[in-house]
């Protein structure tokens, strides 16, 4: 089966810093793929490339096997790729409901909507309330400005938005970083439900227990590229941590070896 | 005041051998200076000379005029025609230009002292003010003049001379003086304000027609337009129309085209023979009104419309 | 779920409340200290005096909401008056000339927007450059003349009517009101409006949310250009004379109205209602000080101080919330 | 650890590189297309012509770095020239009059800063109000006069010297250079400078980092006021006449120099070097166009377009990095 | 022993939202106190009040038993209270070294520093490098602008700053939210070292394993107030989670009871 979303050899340089250094990526239908890696490994840059927010200097992106070029987030979104960015991408001076539906507002039915393009403000507020309740986030009013929300509340708004609108792929960059125990649990449940709807999910997270609880496969990123893909069923947390720190290495045959041991042997 | 040229500058001319003449007006928003510029251009074309027209950004922009003169000298203008904003502010730049052998002629406005430039071609501005004053006084039928006086920019000789001429002839009771920079908007505001106090006003002196237009708007808004005699100076076609329609009572026509043409001719002559003109060349004036008054030579607006400058 | 809003929150969330308080204070003070300010026709005059700057300021509000600024707006309106007047004088039908003038203003708006979005240049520089260019173009076009306008269509906005035989209103006021309502609706009730705010508040977040940032900004400059064209029409209604030297301070005056109205120069926060109030405040100050018999230069001093005070009132009325 | 910087990063991190490229392009083009532009004394003149606006723009840069704006700067300088001239005419020693004038400018700066920080008012409104007030004060003070200045101390900055018998320099240039070096040092090598940038970049983060935000902003307005006072001195060196009408567009002109120089109107990013270059660019355009024999109004059109182009060059030279 | 930092009955209202509703707080010398609570419980607001960033509407703050009034962060800092804010409080357009030393720049020694107030840029860069290395954060250059850093790198800068400068109390609001596994571990070690220096630390975190690993006491916050203080030695994670969600309640005698059970009984 062709992957839903794949990438080969992505490169992105910022002056002297190389954020992506020939990164590969593959997401299969219906799976939850975790992307893990150290701080600064280039995870966010990778998913920004996949969601059109960053244009890579080199490399190729394919959607269901077909090469695509994303010039902006809108291009990716047209393919049904929906993203929660690590820095959330919310407009602080606008309210929760407006942010949730930003760029995708719903109009009233009837002539008011068709002719006068009037928004269905009430309906959008109602639905915003519903998705936030689902995440167990307690906010007084959907007209509260995002800049007045707590860190976790803000993150919940971003997560709710992606969950509500993704139609082919949902990408989440550390969606639970600011969330409480319960709220994190709800997000994991939500990811589960999205998978049940048949949509694949990309989850970037530093939280290994979460990753191992939910992921079908784990993509390990290090120094700007993918160094391994493992299954949580067959590999331990320690192995994954070893891979992402560089203490372990995955050979071409899929076996994992300690880095110190391979010196001199891995040649030829 | 012949000053022999020492440094280069006047020796140069443009690539195609045309004499370069610079013109620096006060602004390029006042129609008067537009007419002056156009006439100079036409005359330069006729004589195979090149004219570069520069201006300050607003009436009173000494800094802009200084830079304009400097830049013209640099590019090798042999003659600079200038309508100096302010007699003290730009004399340094004029002197530097003359030191480099450039012929500098003042148009429209005298410098102070007059010999700061080689020659001056202008209306006798004191007299123009006097003519305005005489008419206004006569038009008031023996009532003493109670006037608002709308001046130009502070420190400019036109403004001072016209004002002095008017005061001498009309002997007004001064109900208030304001600097208008010769601009309509400022004149309107100034008049609106002065009218707050000057309830007995029966006449308004204006140094030029833009100021007169502003004064009229303010009077009209207060419903005083019929009661007050406005005098002015310039003689633009719009101004003559305003006289015709009764908005202003009188305007003293100037002849900017003649100033420009004469200036360009001096420049061309200088380029040919190196001869510099000196002294004050007066261009004439004409009192324009449709209500001629005894003892005052005047022309009617029909004549005015034939002879107005734009 | 219903959303009830407490008074203090209402103040915080309604950017026009502060300026409105300042306006009321100014009106009351002038009403009490002068005999003439409260005359019905004086109040009407104040509104008329605010029409041109107010209309320019409506366009300016849109631009500022996107974190831009338009220094060329008044110059564009002036060029538009010249176009309209000269075309009419040369025999074009007045309504057609009017449409040409307004469309021309919108086109210049499109050019501005194109430079800002296409080349990603700071709006300040683009509109400053255009200010110089458009002003020069007006002067070249006018050749030192100004053009009286006599056609009734062109002066129509200045036509006075009496409501209840008492209250002097002009069609210009009606047009202004209609524009205000239209823009208020577009900004608060349509997706376009939300996008305008989002783009001004955080352009990167807007981009990542899938908003066509450039298209939105471009559309704002076009709509603003339309406003300037209509301001030209308003100007002909006030003063039936197209003059290349008019409204030289219109750009700063319109920005003043916008800022007094509580809209942030950093974009994303503000309202057209505030702008309307801001334009009225300035007109009230001028008129009130005149009624009080204060001289021009002292009026300037007082206006300067009162403009600052008006904004201080605004800050104070919401400052408590911090 | 040493930090080596690649060329492209250098461009990205040095806000003055883009404008410098634009300046060089402009100079070369005018040098090649006209016979006279490259004359040593013409180049010197261009610098002299940029002194007043350049000095105003240095102060303006500080203000803009804090995300403020100063619309009153030129008006303050003008008032300062009047003070100096009138005091001298009334018999005060010229050096004392000079100091009084400069200190007065700094005091007005302190008032501006006090209003901005004390009442938390937007700088745009505060300085717009002050523009009106200070201009009116100048006119009241001048009583319709302008004041010629003859004292050599007051005109000293305009005095010409020849270096190597060829290169025309004025003391004004030296003063400008000294101011530039001083401000560059203060902004980049001292804690105060870091605070200025931080306050403009993110005032809340600056506050939470324990910076005295208000004190920093206040100090900026005072230093800016000093600059305006020195600009007044420069102005007397250029035009020995104190005139209440002078420099009416000095505020916009100085902001233009700052923005062309790559400083962001949103604060926290920019440099005084850029501003210096920006001021030169404008003077070069004016002079070069004159050398090319272009008339005023067409010059306006060209200047407008070239200002936009200069900034476009800047954007382009760094745009690649995105 | 008097607490180093304490607060009683703090209240903060934002319009209709009450972010603190009579919150109490007590930090003893030399301890690590964890503050846990749901999203929106008011934890950040509490520590903002303790660090002077927010002025409470009511209530009292005491430093070593003496009542104090903080009008701004500087006031708190003068008492040696240093804080990592949840939204980091960094100036994005400035570089790492500048941000680290912001408001506390170091001058050169000698006349250059004393007279010309010249900064010791090199020295500050060197020290910045040192503290970041200690946290195991890999950044190319100390002159990189903060806005170009990855989420975790940014957080590390903020943590490093507080750790370097706190002299009486160090407060950290979710300091590991964006950090990787290893980097989080380093922050916990760092907290340990700060405690070893004798300084008390306030740690806000949603990560229960972290909390239980390091904290001496746990302050549980709920709906704007403190509802319990427990010891990780005597109480389980589940108990703490129960308390913060409101499923459990702590009685005046320190016993924990299920909320459903107490109805009707708790009276009198």
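Order of writing sets the labels: A, B, C, D and E. Residues in every chain begin at 1.
As a working rule, a residue touches a chain if its C-beta (ideal position, glycine included) is under 8 Å from a C-beta of that chain, and two chains touch if they have at least 3 such contacts.
Chain identities (UniProt): A, E = Fructose transport system ATP-binding protein; C, D = Fructose transport system permease protein.
Predicted model, so just to flag it, every value in this text is computed and none were measured.
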Per Cα centroids, the chain farthest from chain E: B
If I average the CA coordinates per chain, which chain comes out farthest from chain D? A
Tell me which of A-C and B-C has more C-beta pairs in contact. A-C
What's the distance between the Cα centroids of chain C and chain D, rounded to whole Å? 30
Distance from chain E to chain D - Cα centre to Cα centre, in angstrom: 44
Averaged over CA atoms, how far is the centre of chain B from the centre of chain E? Could you give it in whole Å? 74
Can you give the whole-Å distance between the Cα centres of chain B and chain D? 33
Junction residues of chain A, two or more chains touched: 14, 16, 141
Chain B: positions in contact with at least two other chains: 28, 178
Could you check chain C for residues that touch two or more other chains and list them? 139
Chain D residues within the chain E interface of the complex: 1, 3, 185, 189-192, 194-195, 197-198, 201-202, 204-212, 268-269
Under the definition above, what is the set of chain B residues touching chain C in their complex? 28-35, 38, 178, 183-185, 189-190, 192-193, 196-197, 210, 217, 238, 310
Given the complex, residues on chain D that touch chain B span 34-37, 39, 41-42, 45, 48-49, 52, 139, 142, 144-148, 158, 235, 238-241, 243-249, 283, 286-287, 290-291, 293-297, 299
Going by the contact rule at the top, pick out the chain E residues touching chain D in the complex. 53, 72-74, 77, 83, 85, 88-94, 98-99, 102-105, 107, 116-119, 121, 125-126, 129, 141-143
State the interface residues of chain C toward chain D in the complex, per the touch definition above. 67, 71, 115, 119-122, 124-126, 128-133, 135-137, 139-140, 252, 255-256, 259-260, 264-266, 297-298, 300-301, 303-305, 307-308, 311-312, 315, 319
